[in-house]
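Per-chain numbering from 1; labels A, B, C and D assigned in written order.
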Amino acid sequence: MALWTGFVFVLVVGLDLVVLASSRLRGAIRTVAFQGAVMSALPLLLASEHHQTVHVLALALGALVVKGVVIPGMMLWAMREAAIRRELEPIVGFVPSMVLGAVGVALAFTYSGSLPLPIHARHTLLVPSALSTVWTGLILVMTRRKAVAQVLGFLVVENGIFVFGLLLSDFMPFMVEAGVLLDLLAAIFVMGIVIFHINREFASLDTRRLTSLRD
Amino acid sequence: MRHLVALVAFLAFLLLSPLLLGVVNRVKAVFAGRTGAPLLQPYRDLRRLLGKQAVYSRTTTWVFRAGPVVGLAAVVAAGLLMSFGGAPALLPFPGDFILFAYLLGLGRFFTALAALDTGSSFEGMGAAREVTFASFAEPALFLCLVVLVRATGSMSLSGMLRAELPEIWHTQGPALLLAAVALLVVALAENARIPVDDPNTHLELTMIHEVMVLDHSGPDLAFIQYGASLKLFLFGALVVRLALGFPFSSTWWSLLAFLGGMALFAVVLGTIESTTARLRLIRVPQLLVAASIMGAFALVLILR
Amino acid sequence: MIATLVVVAILVTGASGLMAVAFHRRPALGQALACAAMCLGALAGVVAAVAALLAPAAPELALPWSAPGGAFALRVDGLAAFFLFPVLIVPALGSLYGVGYFPQARLGAKAIRLQLFFGLITGSMALVVVAANAILFLAAWEVMALAGFFLVLTEHQERDAQRAAFVYLAAAHAGNLALFAMFALLGRMAGSYDFSAMAGLAAAGGAATAVVALALCGFGMKAGILPLHFWLPGAHSSAPSHVSALMSGVMLKIGVYGLLRVAGFFRAPPAAWGTAMLVLGGVSAVLGVAFALAQHDVKRLLAYHSVENIGIIAMGMGLALLGRARGDAALVFLGFAAAVLHTVNHATFKSLLFLGAGAVIHATGTRDLDHLGGLSRAMPRTAALFLVGAAAICGLPPLNGFASEWLVYLASLRTVFDVGAAPHPHIAAVAAPVLALVGGLAAACFVKVFGTIFLGHPRSHHAQHAHEASASMLAPMLVLAVVCAAIGLFPAALLPALARAAAGWSGLPLEGLGRSAAEAGNSAWRVSAVAAALIVVGLAVALLRRRLLRRPQPGAETWGCGFARPTARMQYTGSSVAGMLVGSFRWAFFPHTKVVAPHGVFPHRSMYSTYVPDTALERGIVPALSWLAQLAARARSRFLGAVQFQALLLVSGLVALLLWLAFGGVQ
Amino acid sequence: MLLLLLAPLAFAALAFAIPSGRIRPRVLLVGAVLHAAGVAALWVLRPGPALGGWLALDAAGLLTLSTVSAVFLASGVYVQGYLATHPERDNRVFVGSLLVLLSAMTGVSLAQNLGLLWVIIEITTLATAPLIYFKHDALSLEATWKYLMVCSLGIALALLGTFFLALASAGPGGPRTLLLSDLVAAGGTLSRPWVRIAFAFLLAGYGTKMGLAPFHTWKPDAYGEAPGVLGALLAAGVTNVAFLALVRVTTVCQAAGEGAFARGGLLGIGLLSILVAAVFMVGQRDFKRLLAYSSVEHMGILALGVGLGGAAAAGAFFHMVNNGLTKGVLFFAAGNIHRAFGSKQVDQVRGAARRLPISGPLFLLGFLAITGSPPFSPFFSEFAILSGAFHVGRPVVASVFLVLLALIFVTMGSTVLHIVQGDPGADEEPRQFHDRVLTAGPPLVLMLVVLALGLWVPDALTALFEAAASAVRG
């Protein structure tokens, strides 16, 4: 069982790097959707014996539906609506963002060992993959031009936090994961509306237009 | 007895001042090879002016008429404080030399205002110069007086100029000498004598004190000239008493000796006026600042 | 009982402005009632002050007040009583003056607002002087500052009034912040915010010097000691005259009161404080009068003279502190008496001069000296009263200016003798010649002011049709002049009361101070005797002159040394009288001179004008603030608007926190 | 207490349901009045915890709640006037979100469980977004977008921080819960390194919501573009609520023995905020953004107060109340001035005191109050913080604080005086926006309250400050 979970963690981190590298928006959205789906399997894999299976199943299913289907669908709809161009040029260029991502992942993996975890970590790879996913999300937000890409970055950050939340899922009841899902749903929903308005107002989703507010 | 001597000294001060001017003019005449006016000429001038009629400019107000009156009253009141020839003053008290200086300031203030009242640019020029040089002379005067206070240990003029001054010369000689020289320069500046101002010049542009009193006539002019002579006598008393310290037991003898000293002071004044030329106007502040520096140097010497 | 009377006085004067608001439909009645209320409150306050002076123990009063650490505690000791006199009398006379100068009937809302804040500032100043708790002191202090701001803003439509009001408010607030820090430190040293707990603090240690430095900044800013005086000329010249009389005559003294009160807290202040105060006072006095000489605007000139007189008061305070450092009771008494007496004197003659200047401005409509001239014929009574004020401020003998400057001289000369503890600051004796220089310059300045305004020919149409001030304006000026003469002729009367106040302030035994007060007293009687002699001789000479000139004397044109047609413009103007002196002080202020030189055989219009800005403001404060503004502008980089940068800022903040966490190693 | 939380939600639903635009503001007003009455009842009854300890009323919570409800009541009245001047705009979303915001803020004041606290703060973010977008123009859209992006990131970090805190409590013998009372009780057992990391993340997260220095970038845009009433609610409500969250976290750190570390962080961030506010206020041409930076400055002062501990902490809570009320006055007045002159640029706005006889002077008095002039209450709270700084023995911090206050006074003063003084000149378009009872009344009442608080602080209030501070104080 530990082998499978280890494989899932590595896949999650791999997908992070893919998102960083993807130049087309549509491809990036599909990658993130796939990552969400994969992660939703984790609660099942990590479920230890004394856990109520009903709660874990509900959590996994909820994560799959929200992360895998609802949000990517909405973003693709927003892209069609806005009929925006495909390619996705980051401010600092692809290679530097890739390098930043890699450095983040490396740091996460080396130092997560030294963090004094008060409880037995469900899986050695859990903490580093969570931290690296959060770091990738932040890079996406900070470097991508398109508003939709920034929402994507935010989505990746939420995924990282979801993974970290699993660490506490055994003694912290349902509230933690529900919190993450609620936050995810609400944030993406509102941003969807805003993207729609931005497009109507600026006829483009390029954040370069959004810099008139300045001192 | 002490009050009698003081009263006699004060009367001598009131009566003999014009004579001082006569002696100075006579010395200048002798230097110039002339026989010069008689010694009592100033008294005749005063009597002549008191009898004459006064002509007042239409632009002047009561300030112009009050100028000479206040000037004379201030100098007479200052006389009450000064000790002549070692005899105590009529109203001595600690800190009286401050009142003495400010009374002279009061006289100068009203004379300058009277000058401005006439509205002529020449009188304005005189007033401006008078107040400017006075504000340079005041610190020098006070520095010398502080040196005297420190040397004699007393804060009143009578105490400063009392009989034991000669003994103090032995201990504080150099400081007192510097103070005396500085005082002489201040006296020359205050009384508009040659190096600073020429009393009998006729070119208004060069005058300082004379041009302020240009428009006065009749009794006013008499009061001003009498006041000027009194002021010269006061400064003379200060310088003479400080410079010529002669130990005489009885007060009467020292009073006579003091009057002799005053005559000598008049002669010295005449020689200075005849031998030196007038300074350019911008040099006068430098002279007065030099006097203040001398006074400061004397203060440092004495405080060491 | 006395303290409650003081509270009544504070409330009545504070609320006197409401009368004008209540009766705004009948302005004349409203203004009269407001003025009556102010005078009534002032009277009550003065009676209370006199009673407090005579009372054996200083009356106290405490009311419950819930501000954190604060308490509504009042204490009217000798020092406070002496300051109550100017704080209450000058505003009462000012509001009487305002009836004629700033009539509510003609000026409506502006006059109502002025009276409202006029009353408020008087009440708050009185409260500051009697406050015995730091929080109450600070609260009343800032209410005074704010009321002053709104008073300076009376002519709010003028650009320079707005600028002056803002500079004043910024300076006042900066000063208050220094006071916040000072009282916080004092509160920490004394354990509580009550002044009674703060008495007798140890003067050693860094905290005490920090307190004094902050006090110098805070109170020095309000008092107008030289480097911190930059707000003063603008504020006093753009406020109406009776307001500038109040601000210059009284509000600056509250700064002096603060300095005295804080200096009184410490047991044996080191000699360094006294010397610092002396040096600051000397510099303020000399440069203050030098700046005054160079001014053209009569109210700016009088404002700079306030800086000079505050300098003299600071010299008195410095000498008193030196006395306490050496334990020489006579020096303490002379210095303290000089400072407090000069405060009261300055309040009287400065207000007299400002009211006089107000009358002149009211009559001619201009403040520029070079447009006036020959007004004493049109306004004889104002001219006479202004002359009394001018003579008093120059310290000329028969008037009160001389009495207090004389005490400063005595105190300075006292340091020449080796009395009291070891370190003899002989150098303090230099104060006497410095004060003499200031006296000479002040005389030069007021010859210029009185000469250019009241004497000679009228220089412009403004001066031609001037009219005499109304009775309600002249009455307060007359009262002030009489007070000046009274204190000048009988200075000895105030010395015993000053001795008691000095004992209260310095903590030294009363008999030591009483003895030196007695010595100073009988020489003060001699001063009065000489003054009497001066007046008698003057009258005698005047009578002699009248007898000699019985017949009417002929009039003629002034002798212009033969010049055919002298015009009014050829008279000596303000800048020409002070030209040489301004030249010699060129290193202190940088005059802007505009010269249109005459050229050609028949030169047409040529012009020469000088303007001396306030050096501290123009060379010190303004460049510093503009440099800061450029710095800030550079800090706001242009790409701050982008969302990505804002996200980067957020993440970098977090990373910085984590780094500090890891390496900061908080123990 | 639960009723107080749910009532506004019910009113929000009602507001959404009502079709007509005119009745909806009345619903808002009724909701505000009821909420204020509820809070008054809380003052009297002081009920026990509800929902199994997850909702409880403590000193700091009551203070925040009172400020929020006072300013909301004033906003309720103000909105009646405000919406009347904008009949054309659909206010369904506006009124609804306002009521949701009110219930969220009430929730945060009462929440004892840090997880629940985080969720409700997330709701406040979402409720505020549509309010900022009320003007439906390009600039307000950009402001909304930036607000959402920065705040969501902040909230995500706060969530991570909450997880770390849960992790710290999950150690051997730990209380394994996020309930405040349990965490404080079992303080010793929490693992210290995780508590410190959690504090760092939570400071970043809630600092973003509060608008502290490096995380403040959304504030000028949001306050600049939002209507005046929202500015007041944000400055007095949401930021105070975020401050309360930060206080809760500091209490936990204090219990876990990391108080010194927490206070050091707060001190540093507080001073940085005041410095950044001072720098960005110089030459600010838009007076609403100026008020935003003033809010950043005062949040820095609150953080500084708590960071100093001792008497300064009580001063900080007093300042929280004062700042809320005074910001209310400033933002309402600024809203009126903005509408009357039709522009926010300082160059086009002159002589506000002449054109708006009530709002203009109120704007000036508000400025004097916010910069700590004595007759008004902020002076006493700032003086308490300052004397606290000296008592705790940090003279350098105190002097830097004073110098920055002086600088801010000068910069802010020049702009405010520029606006208020002078003559407005002939106003071209007909004067339909002038001072009316509904728009000028609330700021006037708030100003009187601030003045009253300055003159007489009721003992009950002082006791509350002391109680609130004792939890945080070292």
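Assorted remarks:
Quick note on the criterion: a contact is a pair of C-beta atoms (placed from the backbone, for glycine too) under 8 Å apart; a residue touches a chain by one contact, two chains touch by 3 or more.
None of the values given here were measured: they were computed from a predicted structure.
Any chain touching chain A that also touches chain B appears here: C. Common neighbours of chain C and chain D under the contact definition above: A. Across the structure, the highest number of inter-chain C-beta contacts is found for B-C. Ranked by separation of Cα centres from chain D, the top chain is B. Averaged C-alpha coordinates put the centre of chain A at 32 Å from the centre of chain D. Computed centre separation for the pair chain B/chain C is 36 angstrom, with centres defined by C-alpha atoms. Look at where the CA atoms of chain B average out and do the same for chain D: the two points lie 78 Å apart. One inter-chain figure worth recording: chain A and chain C are separated by 70 Å, centre to centre, where each centre is the mean of the chain's CA atoms.
The residues of chain A that reach two or more other chains are 138, 141, 150, 210, 212-213, 215, listed in rising order. Shared interface positions of chain D, i.e. residues touching 2 or more other chains, are given as 145-146, 149, 153, 280. Counting partners per residue, chain B has no residue that reaches two or more other chains. Inter-chain contacts occur between A-C, A-D, B-C, C-D.
Interface residues of chain C facing chain D in the complex, by the touch rule stated above, are 65-70, 135, 138-143, 145-146, 153, 156-157, 162, 165-166, 169-170, 173-174, 177-178, 180-181, 183-185, 187-188, 210, 625, 628-629, 631-633, 635-636, 640, 643, 645-647, 649-654, 656-658, 660-661, 664, 666-667. Interface residues of chain A, counted against chain D in their complex, comprise 115-119, 134, 138, 141, 147, 150, 154, 157-158, 161, 164-165, 167-168, 171-172, 175-176, 179-180, 182-183, 186-187, 190-191, 194, 197-198, 201-202, 210, 212-213, 215.
Chain C makes touch with chain A in their complex at residues 636, 638-644, 647-648, 651. Within the complex formed with chain B, the residues of chain C that make contact are 373-374, 376-377, 380, 383, 387, 391, 394-398, 402, 405-406, 409-410, 413, 416-417, 426, 429-430, 432-437, 439-441, 443-444, 446-448, 450-452, 454-457, 519, 522-523, 526-527, 529-530, 533-535, 537-538, 541-542, 544-545, 548-549, 551, 553-561, 566, 568, 570-572, 576-581, 584.
By the touch rule above, chain D contacts chain C in their complex via residues 145-146, 149-150, 153-154, 157, 196-197, 200-201, 203-204, 207-208, 213-215, 217-218, 260-261, 264-265, 268, 279-280, 282-283, 314-315, 318, 368, 371, 373-375, 379-380, 382-384, 386-387, 389-391, 395, 398-399, 402, 405-407, 409-410, 413-414, 417, 421-423, 456-459, 462.
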